[in-house]
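For clarity, chains are labelled A, B, C and D in written order, and residue numbers in each chain start from 1.
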Amino acid sequence: MNIHEYQAKELFSSFGIPIPEGRVATTPAAAEKIATELASPVVIKAQIHAGGRGKAGGVKRAASPEAARAAAAELLGRTLVTHQTGPAGKIVHKVLVERVAAVKTEIYLGITIDRTQRVPVIMASPAGGMEIEQIADESPDKIFKEWIHPEIGLRPFQAYRLALKLGLDAAETRAVAQVITALHRVFVDKDCLLVETNPLIIDNNGAALALDAKINFDDNGLFRHPDIVALRDPAEEDPLESAARKSNLNYVKLHGNVGCLVNGAGLAMATMDLIKLAGAEPANFLDVGGGANEDMIEQGFSLLLSDPDVNAVFINIFGGILRCDILARGIVAAVSRRSVDVPVIVRLEGTNVEQGREILDRSGLHFQRANDLAEAAALIARAVQEVAQ
Amino acid sequence: MSILVDENTRVLVQGITGREGRFHTEQMLAYGTKIVAGVTPGKGGQQVAGVPVFDTVAQAVAETSPTAAMVFVPPRFAADAILEAADGSIKLVICLTEGIPVHDMVQVRRYLDIHAVKLIGPNTPGVISPGKAKLGLMAGYIHQPGPVGVMSRSGTLNYEAVHQLSQRGIGQSTCVGIGGDPIIGLSFTDILELFAADDQTKAVVLIGEIGGNAEEEAARYIGAGFPKPVVAFIAGRTAPPGRRMGHAGAIVTGASGTADAKIAALETAGVKVVPSPADIGAAVAAVM
Amino acid sequence: MNIHEYQAKELFSSFGIPIPEGRVATTPAAAEKIATELASPVVIKAQIHAGGRGKAGGVKRAASPEAARAAAAELLGRTLVTHQTGPAGKIVHKVLVERVAAVKTEIYLGITIDRTQRVPVIMASPAGGMEIEQIADESPDKIFKEWIHPEIGLRPFQAYRLALKLGLDAAETRAVAQVITALHRVFVDKDCLLVETNPLIIDNNGAALALDAKINFDDNGLFRHPDIVALRDPAEEDPLESAARKSNLNYVKLHGNVGCLVNGAGLAMATMDLIKLAGAEPANFLDVGGGANEDMIEQGFSLLLSDPDVNAVFINIFGGILRCDILARGIVAAVSRRSVDVPVIVRLEGTNVEQGREILDRSGLHFQRANDLAEAAALIARAVQEVAQ
Amino acid sequence: MSILVDENTRVLVQGITGREGRFHTEQMLAYGTKIVAGVTPGKGGQQVAGVPVFDTVAQAVAETSPTAAMVFVPPRFAADAILEAADGSIKLVICLTEGIPVHDMVQVRRYLDIHAVKLIGPNTPGVISPGKAKLGLMAGYIHQPGPVGVMSRSGTLNYEAVHQLSQRGIGQSTCVGIGGDPIIGLSFTDILELFAADDQTKAVVLIGEIGGNAEEEAARYIGAGFPKPVVAFIAGRTAPPGRRMGHAGAIVTGASGTADAKIAALETAGVKVVPSPADIGAAVAAVM
């Protein structure tokens, strides 16, 4: 789960990380008021769940309250397209109005899980303000890392050792070491997958200040953090994806026209690969997961049918935890509520497969049965051709 | 032979009284797996399909001497269950639970390493040595005993590969789902080491997917002289970059986690990589 | 550092451990008022830093507010002698007035550091209400233990496993497991050496309730816990010991007449042994420690001289971290401020011993020099005999 | 030979720029100890008595390859300093600091065990192999090279024992203060194992005190066949029970920690236990 920059900054601040003075506004008038109160040049930052806002024109400076109002007016309601939003972009509903800081030095700090070492890793770079991937490409020798020993956690000597590599003076090094320690507490205490501040700056007074803040939470850990769940912004989510999430389905909207319902993320990805190899494009990724019940299957199938782009559906199930009879009942329930006017190809195998097939056979649903993936690929290719004609 | 589990494996099922725990206990018993005990706190003294249930792992261990534990408990309690099994000196834990917080797994994995406990998963369909023992969720009937070791990060793709093999009359030595989470127990490389030493295994199928670098590591290991033919399929070649596709494992980050990078690494190591998931069976038949 | 029962209970409560309703009173009238407000039979408990209060008459029941007043009047100002106070006893300045609980089951719970395993150990026993030493003597099979793995901390399965051994029903077992988990958090979060509740009871409603609470804090960890330091009750401490503590000296008043000033706890204890073997009794234990400076030595020596029981002093220093020259300067400073009318025996060895001896020789202090412990023992024996004559 | 430290030991001093760190660095250099580096955060680039100072252990290790670290830093930073030394792959750490919170040491000791790092202390005067190297606070001049291994929980009592030996012309192989805190690194038993294997050591002096059960454990180990004569003294026979006498170690709790219990256990194991601290030297002379 992602949150907005302003929310991440508030969280940072509650862990003792210094952030610029500022507030969020949803109207140009509110932005002007904040700028007046700050009595300083301000920066106006579009609040959407995507990086790359600066390059896309989502960050503006304003020297006066009037200019702040104008900048906010320009951003609010506008659709911002960055390299992370996809071509549809995202609508700006909120802007963050902040006091402009006097930047002396820009630093990158980030914490994530290193899957190879199986522990958290803290990354720091004096090349702040750039994307970490870009730093890694262009100057990998400027990325410094500390791995956490889970049995003792981050230790002060590590925070200091890492900060020391950034080439700062003694007081600045101590300030950055403190920010590193606090960032790590955010990372651990809030079950994060990523915590990042880029740039963390040293200002003209030698103080550290997080000019940006990005947090990605582990969805699996959210049950421990009702305070974080409360920060969710439904406006940032695709409506179909939100509906899917409410049903505990893992759904990602894509740009093709063959809807697919699969159990297991690996098989779901392989199914997308198969659809492509058959000359078609998947309309979505939908993993109903291992623990799916009838309701979830029904929801998932209805979701596919409600996507106007879908003109063929491929159900590909290899029953394990998810039993084929449950799958079949869910499909039947969905079909009983709405008409199905696109071809449906079904490939069913695994636990309780006989019952599942029997239930589908008796359901009155018109579908094409594939006995294996090769057959399924052929049926998909044919269905797509027929639709195209 | 076979690896990890066989007809002598004595199994403890944690979370045996839950819906899934109960169902799969029955399925595994029907397959012939030697399930000696179950654990559910507060349910000690009950029985599930004739298997005695205990309140704690310690009690189950004292009474029934299990050699492997299977964890069926819900995500928020699963880390604790794994640690309880390890604390009970059970040296092989198979955790089927999906959705365990990754920070829990950081702690768990480290603890298991310190105490020399092997973990399969979490978020795995489990392990089966066909004809000997099934410790997992897979449909037993699709498997046949034979010479091919199968390992994958994905559950259902694992079944797919096995199904294609069995359809061709090619049996399996052991099939292992290593799990789809960012932090898991045994890796492809760990399993390859076991397959290398296993007489029964004559070839290996590796089913990978985008994200992480488990496949790249496996490729390095194979390239350094793995003695048996390996066939691979990598799922997610057509997944758009930067979108999360179900497994936390399947986030494409940087060049190292892409399908192309993985395929290139495997091919360099001499692995036969098939482009379509429909071709796995045929490719194995070709190398046998 | 120790705190009162009522303070420990408040701390327990802040960690979610249920405690009986009640408040502390310093006057009989206040005790009556609390009893009136509780509208229930109450128990009146003397608040001193020592166990064994029940047997010594420090805990009384009162069925009415008037009886509560009378019981408080009897306790407040009284000197209570328990097996832990020493023969001098302790004066009761406060009483805790609590609602009487309906006890169904009494349990012992305690956490301390197991020095052999080098980890915290949680102990539980269904033989609550007895001293743990007594349980260990009389029914060791009724003490159950869980050791903590420091790399992962106390885990829920351990708290449950321990609670399960107490022979309670399912709901009670869960309640006790929760108390165990919370007690462990107190133990770790507050740098404790001992956390104990004895008894923890199960009341008639099946709820767990900590009827008693005892905490001993690690003095070395107090710098992290200003909130705990604020709970210190100077009235509970020997004035000489308090003065010593303020000077960072480790001083324990004893009942003999040979004062001793030593560096190192081991040598200090060995010095006491030596005094006893020489036929005398040590007046105190005083370890000036390794990091002692001139001031601390001066304070320590003055402390000895201010004890009216002391009629001979033995200074036994083997310089290591503490250099002999520093020791000597401290002694000289103390002597320059007050006359010394008791025999002083000095044994000096170790780092900078020559400078130390020289400083003492030139100080004008009359002292007897011992070249080794055997000589020192002989000099002490003679000094004690002379005083006795 | 000798144990733990000798003329080849390359020493890193953590907290070298502090008052005590500086003083004892000079003393140790004067004794001939090979001090190769010091560490104090923020003081990198300075020198102390000709020894280069670094900001971090990692830098010091990279530049000077120390084989042992000495920790002189204040109590609230000492645990971190020990962990930094261990993190730098230094396999012997001697921590002189007194007053480290015991909960810090629980974590530290566990981490060192996992990473196979030997710790002496904390709250120890250190270790000296007379004539070879002094890694501690003890006055060097009281020591002589020779055949007796000395170990104790108390610093100054250790000096006392050594002094009595040297006065009689009996030298020492290595003298180890194991530290007076509740949680320490190497125990009496660990040191005895080292002395058992050391050719130079012909007899051992054990200086114990009330509290804990380190002496009882040592007695069990000696009783099981320790091959050299052992002389012991236990301090605190006259200490009143239940009072804290300086070392956290010296709280008498239960029967196992009393001087009488320790003396009985040692005597049963064949150890010569002397009643007065003045008699240690004579007793050793008698067993040599």
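What we mean here is this: contacts are C-beta pairs under 8 Å (C-beta built on N, C-alpha and C of every residue); 3 or more make two chains touch, one makes a residue touch a chain.
Quick caveat, the model's predicted, so the values are computed rather than measured.
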{"item": "Interchain contact steps from chain B to chain D (minimum; 1 if touching)", "value": "2"}
{"item": "Contact-richer chain pair (by C-beta pairs counted) among A-B and B-C", "value": "A-B"}
{"item": "Chain of greatest Cα-centre distance to chain B", "value": "C"}
{"item": "Chain A and chain B: spacing of chain centres that average the CA atoms, whole Å", "value": "28"}
{"item": "Centroid distance [mean C-alpha coordinates] between chain C and chain A, Å", "value": "55"}
{"item": "Multi-partner residues of chain A (at least 2 other chains)", "value": "149-152"}
{"item": "Residue list for chain D, restricted to those that touch at least two other chains", "value": "107, 110-111, 114"}
{"item": "Topology of the chain contact graph, where touching chains are joined (line, ring, star, complete, other)", "value": "other"}
{"item": "In contact (per the touch rule at the top): chain pairs", "value": "A-B, A-C, A-D, B-C, C-D"}
{"item": "Chain C-touching residues of chain A, taken from the complex the two chains share", "value": "150-152"}
{"item": "Residues of chain A touching chain D in the complex", "value": "149, 151-152, 155-158, 160-161, 164, 170"}
{"item": "Residues of chain D touching chain C in the complex", "value": "20, 24, 27, 75-76, 96, 98-104, 106-107, 109-111, 114, 125, 136-139, 142, 152-160, 163-164, 167, 180, 182-183, 207, 209-210, 212-213, 217, 233, 235-240, 242-250, 254, 275-278"}
{"item": "Chain C to chain D touching residues, read off their complex", "value": "84, 113, 115-116, 118-120, 133, 136, 149-151, 188, 191, 193, 218, 220-221, 223-224, 250, 252, 254, 262-277, 282, 285, 287, 289-291, 317-321, 349-351, 353, 372-374, 376-377"}
{"item": "Touching residues on chain D, where the partner in the complex is chain A", "value": "41-42, 55-58, 77, 80-81, 83-84, 87, 107, 110-111, 114"}
